[in-house]
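As written, the chain order gives the labels A, B, C and D, with residue 1 at the start of each chain.
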Amino acid sequence: MAGSIYGKLFRVSTWGESHGKGIGVVIDGCPAGLELSEEDIQIYLNRRKPGQSKFATPRKEDDAVEILSGVFEGKTTGTPISMVVMNKTQRSRDYSEIASYYRPGHADFTFDEKYGFRDYRGGGRSSGRETTARVAAGAVAAKLLKTLGIEILTYTKSIGPIEIDYSSFDREQISQNSLYMPDSTAAERAGEYILEMMKAGDSVGGVAECIVTGMPAGIGETVFDKLDANLAKGIMSIGAVKGIEIGDGIAVSKSSGSVNNDNFVMRDGKPSKLTNHAGGILGGMSDGSSIILRAAFKPTPSITHEQKTVNKSGEDIVVSIKGRHDPIIVPRAVVVVEAMTALTLFDLILENMTARIDKIKEFYNK
Amino acid sequence: MAGSIYGKLFRVSTWGESHGKGIGVVIDGCPAGLELSEEDIQIYLNRRKPGQSKFATPRKEDDAVEILSGVFEGKTTGTPISMVVMNKTQRSRDYSEIASYYRPGHADFTFDEKYGFRDYRGGGRSSGRETTARVAAGAVAAKLLKTLGIEILTYTKSIGPIEIDYSSFDREQISQNSLYMPDSTAAERAGEYILEMMKAGDSVGGVAECIVTGMPAGIGETVFDKLDANLAKGIMSIGAVKGIEIGDGIAVSKSSGSVNNDNFVMRDGKPSKLTNHAGGILGGMSDGSSIILRAAFKPTPSITHEQKTVNKSGEDIVVSIKGRHDPIIVPRAVVVVEAMTALTLFDLILENMTARIDKIKEFYNK
Amino acid sequence: MAGSIYGKLFRVSTWGESHGKGIGVVIDGCPAGLELSEEDIQIYLNRRKPGQSKFATPRKEDDAVEILSGVFEGKTTGTPISMVVMNKTQRSRDYSEIASYYRPGHADFTFDEKYGFRDYRGGGRSSGRETTARVAAGAVAAKLLKTLGIEILTYTKSIGPIEIDYSSFDREQISQNSLYMPDSTAAERAGEYILEMMKAGDSVGGVAECIVTGMPAGIGETVFDKLDANLAKGIMSIGAVKGIEIGDGIAVSKSSGSVNNDNFVMRDGKPSKLTNHAGGILGGMSDGSSIILRAAFKPTPSITHEQKTVNKSGEDIVVSIKGRHDPIIVPRAVVVVEAMTALTLFDLILENMTARIDKIKEFYNK
Amino acid sequence: MAGSIYGKLFRVSTWGESHGKGIGVVIDGCPAGLELSEEDIQIYLNRRKPGQSKFATPRKEDDAVEILSGVFEGKTTGTPISMVVMNKTQRSRDYSEIASYYRPGHADFTFDEKYGFRDYRGGGRSSGRETTARVAAGAVAAKLLKTLGIEILTYTKSIGPIEIDYSSFDREQISQNSLYMPDSTAAERAGEYILEMMKAGDSVGGVAECIVTGMPAGIGETVFDKLDANLAKGIMSIGAVKGIEIGDGIAVSKSSGSVNNDNFVMRDGKPSKLTNHAGGILGGMSDGSSIILRAAFKPTPSITHEQKTVNKSGEDIVVSIKGRHDPIIVPRAVVVVEAMTALTLFDLILENMTARIDKIKEFYNK
């Protein structure tokens, strides 16, 4: 599995299995001089912590992060930042049953196909718990972005068939309901929908939306390392994401040029777009308006509802997956989307510094 | 613009501007021993050639490819393969007008923001003509995949509001209508729709769909280099794509676990999925069923329909973009989607060879 | 400091400062199925442990490694392997003096120039202690190489003016004298030389030599990722190395083609070289004979001998660096050279698997 | 052969075989705004052109470079720069003999081992002609460095046993004798030595030395991407190089700390080194003094002197390699060493811009 490193200049290397000794990440390429404390990271980790509502697994995961290197006297030194969240309670439950068959919708089958065997305890490396490391690294990237005036707002846009109503959009609501929806009415209805599905032993999907403000124009490297291309990779690499949209997304396929093109006008002495169908990205580069992206998450694959599958002896069987699983992935994944967005943006912001020789000369005072 | 290299082991480096001397690509890491001729590449290039129908620009681009290195006595040698398509007719029309303002929906503004100036002739590097190089490289990757029994089928799934009817799916149709739709009725209706929009000086969007058969299971590197993550990047890097879906895509957000999970059953002595909502990818690795992906393309931004924009003197102006532009991008982009898919798949197929020490020992006869 | 990741397919990401909480490494891309225990790593770490002789610092560093992830039921799973060596005793001595000036021969000045400040405790990230992480990762690579029949032998070739005598070469001696020399007479004389220099408050340099046997032919990727080029980078990245030689090394510059060319003869039914001036590498690829490389290490820069330098107030001062420092770097660095060689070789051995389409087809049973 | 791409931010991708259609390079990541013409490149290419003296092959290679992309109105645009040198005269001589056996000291054997066959015409990809592409790219990097005040001086330091005398060092001489030696007396003696060896059907080795002035301090990324480590890779990747030295190089192994450490003193208000044994690099970062490196080249392997080898039928044979070969590699390789140095330095100079958050904020005017 050679895929646990992300980024070109701001590179993160994650490790850890669901039920191993811990989860961690090393950041290589973090600029020196950023004030950074464990508290900065913990705030982000707490947003994905389970056990915080009736819509999330009641499992207790005390995700306390520890910074092991790269920070000296409260500031990043430019050397690698190693962060770990140790698994306090290594669960010793019996996994022999889960080890014996392939759970539908999970990576059990593909892991066995690729590696010949797998760490079957709680999903091992393919567990959602892996995202803890992304969030820890993303917290650092987000703090770096903030020093440049860039803010990321992420929330649940829809759960099953229930969507937020933008006319009731209330940013404050996001942290006030356990579904991270910016619309209390939608959140309430979504809660009822989830409970209903849970009773049926089923699970639900949803959509997370992410808005980035304060981005300078010109960030992104065409042709292949376009801002939207890199974002698509980062977001799609989150387990359970099956669709990505930038700006109007899939809907552009039914639109027309005269509607979809964002016209320019002069505003405050500089070119500005009248609309933002493009979601803040033109030709793979940020255009100075807000970046808008959405990720569609599939329903949690672990359900008590009976499913057909096969076991390792090659027999057809019927299973009902017990255990404390989230009935929906989106609310806890909101911060993961934010983390991947932050990691992707900051990396390209660094690369953009090398785009022009006049600015390089200025940088080196020549 | 440090973004013109794609891939990790099978790496392609593209170059060229719309109205420069030519377009080309260098492939580094192509395995030795593949029979390869210019004809193999030309077949793919011809699929994106303009001037082939009333729905495509009548511009003549005689895209004749030449292989400059890496092939000896009809076979790849393992050394870099350099391919070029020279621009036979370097157009000398007057670009002073287009140079003076920012076309809505184009990269003119962002290029200027990033680099301080731009090659304004026909869009320069941000022109769709850049994809010629991707297609040339993709043709090589596709031929390599075929030797492994892997086939990619790509076609237009929808144009504006007109979708193909899967019950009338006819694979032969794809190459028989100029819209590359596998449904002649839909193609006819789509053609009428496009003509109507063209009359209004407008353009239309659409969706390309891609099906990969014959993929072995286990391809893809979790966590970040998941098969779907890398595909998302590759496809989203194509200009004009604003949304990507794998399998059921965005629709999974409204589904439930009991419906969306693909159950396993034994078939021909091995685990097989009863359905394919997942689009052939579980946990970021291929699961042995067909890979399904879709790309949503925005309408062509160049339209004669009047649009507001600003010029370099900072004045608000109204423009109508003349010239021979495709009224829709999708049909000519179908082969580009196929190329990016081929490049992405083959690269991960190579990396997968290093996943297990027992297979490495076998490889080296130890 | 974005330079703490090494490798393309077998990638290691190291972290940690001399006097921080610990030192560690994450390996991304380790093949699944290798039997691996902490003992496998510890054996290598013990070879660089200080306090083992009168020629090494008497500091006690109990370098006990812990594997945190990537190993399940005694075997690597293919997921990232995280290893740490925690610093048991975080020394709290006063570093205010060392923080106030630039030690000659150290990275104090360049760190400050690059980052504006530095973790001055014991050299921080530029301490030789950083190599602990390289050795831990190298131990894994070496074990992988052994499963392929590849062995690496590394030893001290010279210390100051004292060189080993190849006619007395005794492999067993390497682990039996604290200088890791394969010649007991030379070791004895070198020991006396070091003691003499220590008395003068001075330090000495030396050369480490590395011999790799069992390498298959064809490993290495020309043009830039040649086997010798990558080895040169890996070895030169070890602090204090100022020269690298492959085979006859620098001496080839005084040789002639008729002497330096290794002639081929048939032996055991295949081409074999009569000599090995090339050090096992032709055209950047292994040629089937032993790989031979040497690294020249500078004398330990920390000496009690008086030196001129400047302090942070911009004053010229004279310093004498106290503390428990090795009078020579080479003996403890022998295992570091071995580790970097192992990491470099295994990475290219993986990449080589993708060189030919016929072998790829065979791998995938097509 | 996946090794023809070099660099991280300023990336070059080279292609071409000795007797193929041409040789070329694509630069991805060249900053926009550099004035660049074909003449800028040609000056460098002419320095490695054959047929310029009696010590170089009398072959005529009219290495005229053409820029195909990335330059608009005389300036780089930030998009990939594609450059080619077409082979004007594709020689059609009979290579059947050379194809039938393995030339000692060449890559014939290892190519066959790796790929199963090879382009045997004139060495194919392993020919020294491959360096044409490096030099073209290096010319661009060198021009970028010059805008930052950084100059590279490279010359022949020794040929066989004849070394230059530094007390007679005359920079003007370098371009005035065909051996590129900065000492006319040494050049004369070296010329005689070469002629003598040529008469014996033999060839000679030598050393190239490179001095970089004007480097800002702090360039280089520890731990693995140290300035010296990356230089070692770049230089060792040049065919025929068997040893690399930084500063005092191998000699440091016989030195002592009190001699080898460069003391600091205040000069012009800032810390400055009294000596430069370190060759301008401390802890893997430039220290503000001149960078000094040397590369040892083996004698040209193609000699008329009789050699033993084996043919493809597995027979021991004796060969005498005819043809117009340089009796020494160094003089024509001097500009190649300069090119690889320029490529390596500029890449790290770009990466260094991302080292500090305060400078990043300044860059983005925050």
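Structural remarks
The rule is short, and it goes like this: a contact is a pair of C-beta atoms (placed from the backbone, for glycine too) under 8 Å apart; a residue touches a chain by one contact, two chains touch by 3 or more.
Treat the numbers as computed from the prediction; the structure is a model and nothing was measured.
Steps from chain B to chain D, taking the shortest chain of touch contacts, total 1.
Chain centres were defined as the mean of their Cα atoms; on that basis the chain farthest from chain C turns out to be B.
Each chain gets one centre point, the mean of its Cα atoms, and the points for chain C and chain D are 26 Å apart.
Computed centre separation for the pair chain A/chain D is 45 angstrom, with centres defined by C-alpha atoms.
Shared interface positions of chain B, i.e. residues touching 2 or more other chains, are given as 1-5, 9-10, 14, 29, 32-33, 78, 114-116, 125, 351, 354-356, 358.
Per the touch definition, chain D reaches chain C in the complex via residues 1-6, 14, 102, 104-107, 109-111, 113-116, 125-126, 130, 158, 160-161, 197, 200-207, 217-226, 228-237, 239, 241-258, 260-266, 269-271, 274, 278-279, 282-288, 296-303, 305, 307-310, 314-316, 351-352, 354-356, 358.
Interface residues of chain C, counted against chain A in their complex, comprise 1-5, 9-11, 13-17, 20-22, 24, 26, 28-29, 32-33, 66, 68-70, 72, 75, 77-82, 84, 114-119, 121, 124-125. Taken together, the chain A residues at the contact with chain D in this complex read 8-10, 29, 31-34, 76, 78, 144, 147-149, 216, 349-351, 353-361, 363-364, 366.
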